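Shared chain: chain A. Partners: chain B in the first complex, chain C in the second.
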Partner chain A sequence: MSELEPAYPWIAFSMGILITMLVSVVRIDTKRPAQIFALLTLVVTLFLSMSVNVETPQSLFNGVFEISALTTTALSLLCGLGIFFIIGTSRYLTKEEIHLSDYYHLLLILILGASVLICSKDLLVTFIALEVMSLPAYTLAGFRRNDSRSNEAAIKYFILGGVVGAVFLLGASFIFGATGTTHLSEIYTWSQKAQGDLTLFYMGHILILISFLFKVAAVPFHFWKPDVYEGSPTSVTGIMATVMSTASFVVLARILHIADFKSPELAPYFETLKQLIRVAAVLSLIIGSAIVITQTNLKRMLAYSSISHTGYVLLGLLGSMNQPDLIYSVWIYLFGYSLMTCGLFVLVSQSEPKLDAGVELIDLTGLMKKQPFNVVMWSLFLFSMAGMPFTIGFFTKYFVFISSVNTGEVFYVVIAALCAVVSAYAYLRPIALMVMRDADPSAAEWKGSVASHSVVAVSAAIVFALGVMPNALIHLLKGIPLQH
Partner chain B sequence: MVNYNSLTVLLTVPLVASMLAWFIPKGIQRLYAVFSSLCILALTLYQAAPVLFASTSAAVIEHKLAWLPEIGVSLNFRLDSVSGWFVALNAIVAILAFSLKGVWYRKNPRLFTSLGFFLVSALNTAFLSADLIVFYLAYEAVFIPMIFMVGIWGEQAKATAVFRFFLMSFLGSVLMLVSIFYLVNLYHEQSGIYSSNLFDLIQATAGKNSPNLKWCFIGFFLAFAIKVPLFPFHGWLKDVYTLAPMPATIWMSAILSKLGVFGFIRFVSPIFVESSQGYQGILLTLAAISVVYAAFLAIRSNDSKSLLAYSSVSHLGFVMMGVFTFNPGGNASAILLSVGHTLVSAMLFYILHLIQERQTDLGLETSHGFAKLYPTLFTVFFIAVLASMSLPGTLNFAGEFLVLIHSYAASALCTIISGVGVILGAVYMLKFYQQLGFGKNTTVTINSNTGAKDLAGYDLVVLSVLVLMLIYFGFQPEIFLKGN
Partner chain C sequence: MSWSMVAFSAFSTIAIISSIFVILKKNPVSSAFSLILVFFSFAGLYAVMGAHLVAALQIMVYTGAIMVLFVFVIMLLNADTPVLDLKESGGLFKAITTFGVIGLLGILLKTVLRAKEIQATGNLTEDKINELGGNFKVISEALFTDYSFHFELASFLLLGAIVATVALAKRKSLKGSSV
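So, the complex of A and B:
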């Protein structure tokens, strides 16, 4: 038995990427083989990651690579999302004339980067994984070459992402200066009897924190998100909203639990840190849900909605800072949010492209007459976003709220609840347009392939089923701690 | 008497009916809906009769199923002398709402029937659940069919009304959810286990009076006061009632408003004993203002539907007077009056719809003189008007009389003020009846097919049964009071 055995999913994934890349070079005239190999890679990785034995967490490569229930579950989720997006948005890519074979290996590299980011237990590996995840994302964001907004998105994302990468490196070097290591578990051991230049450590910690708050677009580091979401191809936006933010949130959780903050030396800093997270959470909630109701562009609306969802996740993280075993509320949130966002973006990608205009809310007008089935799907996902019962969206909010109440953050829960009401207006508005108005001739056409309809239906079924019977999910995610 | 009979049929049968509706031909949807709701009524009475007609108020049927053991939420159904009446009313109102002919049986009839039965199921869940989280879920779920009903079959310019209705209700219920979390956490701190069972939470708050509990009380109060609605939370009401299709109006005024009444009796008064006693003066004042203010609004109304809407608020003010006495006698008379109000307001809206089918112009600026055209209809109408004015011999008289007796002990001033409401009630109801029924029939336009027919057949049977019930219970209020 090789000691590399637990890492097989990742190894198989990397090999799959190489094959997909080769295939796309050999068969440059058609994209079908690349698509099939990408799907195969994801399916194989999904099965391998589900079959890894993770009863005891293991570390590989001198402890920089963690294989545990958390990382394999996350890899399964990411692969599942990748499969959904590849199947669901194939027709979209053809419509937009960006159905190129390069798309697929870039996508796979992005997902690999995200999964390694989750596994990484070393700041340098984190940085490399971050770049592996981000570089394909910059490229994919600019895939609609003929649209200036896509170019804007790519350039904006690239420049800001580069700066943030530098900020992360700076922070990592400060931490190295203070602790003498970049290894997360060694930093944790160091912190138990913290000595040396603590200020340097704090500065470094804040810097790496900021770089990931930027990645998850917490206010005040959110300004890139609407533009990038709007300009990128819808399928890529969907990947950003699900795969990339899930990975970034897991790293954020690791950063917030980087040290043993219960130790007396670090306790005062820990209070400041919590205050910072509170501020970021409240700002994200308020600004996200206040701006989301003013948006007329669907993708921008979803961008602001994801900013407000960032606020909820930050609340969950705050709960876990007070009481580490409550981290499962964050996992449930990430899982549920990824699922409903995936469904929504596949739905958005079903709109027929229009010249020089994105997908507007108005385009949904009168959809009830044309596609009653899709109206049900839209409503289900939007209700889930709003946190209505019988959708996973209710339970995602449920656990975040209850873990925050448990740890005495009642005031912030009230704010979050009020913001939920405000943003509910935004989620109800598309439904109102679909149901209450007659079709508008200027509205865009909506056509989905059978594949994309089935992806939507499957994710809707999961969103609904988990909204009625979340037992299995709760049980699974409750047993996933964050390793030090 | 504890009988572990299965109460889940009261939820599942409407749910099955809701799904079956999609397989029933469009032409016979009304027949199907009325027949199924008759079956549901029979089932409800079969379940509830032993409790409703028992000689003491201690009779209870309970049924418990595990649902989410991880977080202590169980499907804990409880049919007692409080919930029993509301469940029975729910079945009766469903028959009335489904009996009306209208645009909802022409445009998407399957969706209408399906939503209607979903609503019945959600309402039954809300009334039966003794678990606060399940109650909350059902309470929220009630919105979904309501939004769609108003949205799809409502009159023009309904979007704002729907939004206002949804957002105000959602605001209240979200704050209630946070309060529930606080209570659950309180119980968890005391006993170490999570439970959202009503009786566990009563135990958790027994004898306590912290400021936080006061805030929780306000959370619950807002949710239910908006639902009833109580002055000054009635802002959403008029537009929704007038623009909604008639079945939705009947559901809202007859049974959705009772969710608020039920919530106060079932949850607020036992959980927040101290706070409810402490705020009793304010609550009674609000109820008294509701009675008088809504009566004045009704007098000023120029539109039949909004007059009935405000009259409904005014009478609900009386119900709330009974609820806010916070003693068993007052609550029993509030339930008695709720039954009367449900029957009368459903009947009045039903009759209004029958007149609307025959005549298009129902403005109250001019007199119409329809009584000559439809003598039988207007005779039944007159009985309903008298019952609404709480004429002795009807259930409403017994209810208002008993409520005022009980509230006199709590606050004489509020009782006197709301007593004025009885007189004002006569003013607007008689004006309403007079303008529609008497005077020179200058505006009469006979609708081609239904315009000339008087009340007969099915509608006559339905209304006669209601009249008989009002009078029978009017002479037998003891059934509700059970010695209280």
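So, the complex of A and C:
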């Protein structure tokens, strides 16, 4: 029994990355080995992470690495998403001529960074893990080298990501200056007896908060998202929307619970903080839902939709700030949102590439006659996005609303419900186009491999099953607290 | 005035003057060389403060590696003709930049004015470091004990950066020959 035993999933993951790289160097003539070993790595990590005993949360490596129900569940989710995307978008990568070994190496490193980011209990580790996650993402965003939009996405993402990293470091250094430590648990104990002028701590906290609001693209830090989503290869956009935002939201939750805000010294600041989150949530909801109905490009539409979903998650976080045990509404949201987004992006990646143009809504016309099975899948995911009953999307919104109502934020729930109604138009319009309109002459062809169809079917089945019987998921996620 | 005060004033004057040159010079090569001078004087400032390792790293990493790359890129792009001209930019841009700079200066000034009130919070004072065997020893010990996880994670960051660079640098993907 080694003391490292709880960390085996992560150790196996890192070993798997190295082995994948070695294998692809040995078999230089084909990309299959990289793909197969990447899948193997993720599958092994998935099983290991589900078998870790996490009854008592522990911190390894001097307390910087948390292993708890939260981090192992998140690792399983990230691995599952990685497996879905690798299987589901293999044909897409071949079509776009980016089916390279490098793609899989970078993808694995990205997921590793995201999973370490979730475990991090130390601001320094958070920063390094953030970079481990972001650096492959910048590169992957620009993988379609012959497309100017892909290059634009990569350079925009890279420069803004660099700024975000700098802002985070500045904030972390302020917090270190104020508290003398970078460990989150030590910052928490410090905050319980903090006195005097705490401006330095507040400034640092606001700065790291801003850097992660940037990462999750909350309004007013959202402007990079549509361009990056549109330009990146569809499979990469899917990874960004699921793996990267899940990890960023977990860190955001940690940042919002960084200190003991119950203490009287910090109470006035806590009110301001809640006000900031309210403003960001409401703006994300309104701007996301208002712009999503004007979009004609599918990936831009999904970008604005994810901005409005950021608003819902922020509402859930707001509820958890008032009452920490309500954090499970955020976990349910992240889980459900990742699943349906994963399915949607695999579906989007099934369109045949057109010269120098993205996937437009018009491409969906007449799909009913060509692929009735896929229309059902599209509808299920879009219904789930809109929050219709019998899909997981209903429960994700339901629990966020419940947690907000319970903590007295009724006004914001009303706004969120109105926004949900407005954005439902955007989600129902593609279905109407698919079912009611005949194929437009300029509409693209849709062709998916068996693998990608089965990935879509599996995630649709999960989205539907959890929408009918959410008890198991809720029971699992309800027992996951945020450790201090 | 002690010698460290003299050295501090000298280095900071050089740093300020050369950083002004960095943005005023229209020739990118002159700007780059002014920036090297800025980094050198920073190294001097660190040395004055007793952080000899940081001073050495500053010269090795920034002056030795990063700036040489800068100059190389400028040379390879053949960008020695003056192209940067802020006169082209609009009034709004200038206004925002000015406000931004003034705001930043204000924050810096406030920090400097309050510097006496802010206490160093860590337990490693200059005397303590000397007692423990100097900067190098303290940092290397911390790096391989308390910060070993950070160190390992950073190695994955570098690995990712290498793969990313290779992936981007291969201009055209030759069918069947990628690593």
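The definition used in the following text is that the second predicted complex is superposed on the first by the 482 of 484 C-alpha atoms of A that agree within 3 Å, B and C clash if a C-alpha of one lies under 4 Å from a C-alpha of the other, contacts with A are read in each partner's own complex, and residues count from 1 in each chain.
Following the convention adopted for this analysis, a residue touches a chain if its C-beta (ideal position, glycine included) is under 8 Å from a C-beta of that chain, and two chains touch if they have at least 3 such contacts.
What you are looking at is a predicted structure, and each value in this text was computed from that prediction instead of being measured.
**Student:** After the superposition on A, what does A:G180 contact: first (chain B), second (chain C), both or neither?
**Tutor:** second
**Student:** Quick check on the superposed pair: does A:H475 touch chain B, chain C, both, or neither? Answer first, second, both or neither.
**Tutor:** It touches chain B, and chain C stays clear.
**Student:** Could you say whether A:N62 touches chain B, chain C, both of them, or neither, answering first, second, both or neither?
**Tutor:** Second partner only.
**Student:** Can A:R145 be said to touch chain B (first), chain C (second), both, or neither?
**Tutor:** Once the two structures are laid over each other on A, A:R145 reaches chain C alone.
**Student:** By residue count, which of the two partners contacts chain A more extensively, chain B or chain C?
**Tutor:** C
**Student:** Quick check for you: in the superposed arrangement, does A:A420 touch first (chain B), second (chain C), both or neither?
**Tutor:** Only chain B is touched by A:A420; chain C is not.
**Student:** Looking at A:M436, would you say it contacts chain B, chain C, both, or neither? Reply first, second, both or neither.
**Tutor:** It touches chain B, and chain C stays clear.
**Student:** Classify the contacts of A:T30 with the two partner chains as first (chain B alone), second (chain C alone), both, or neither.
**Tutor:** Second partner only.
**Student:** Going by the contact rule set out above, which residues of chain C touch chain A in the complex?
**Tutor:** Residues 118, 121-122, 146-150, 153-154, 156-157, 159-161, 163-164, 166-168, 171-173, 176-179.
**Student:** Would you tell me which residues of chain A are touching chain B in their complex?
**Tutor:** Per the stated touch rule, the residues are 368, 383, 388-390, 394, 398, 401-402, 405-406, 410, 413-414, 417-418, 420-421, 424-425, 428-429, 431-432, 435-436, 470-471, 474-475, 478.
**Student:** Which residues, counting only chain B, touch chain A once they are in their complex?
**Tutor:** 68-71, 136-138, 140-141, 143-144, 147-148, 151-152, 154, 158-159, 162-163, 166-167, 170-171, 174-175, 177-178, 181-182, 184-185, 188, 212
**Student:** Which chain A residues qualify as touching chain C in the complex?
**Tutor:** Against chain C, the touching part of chain A is residues 14, 17, 21, 24-25, 28-31, 60-62, 64-65, 97-98, 100-103, 105-106, 109-110, 112-113, 116, 122, 124-125, 128-129, 131-132, 135-136, 138-139, 142-143, 145, 176-180, 200.
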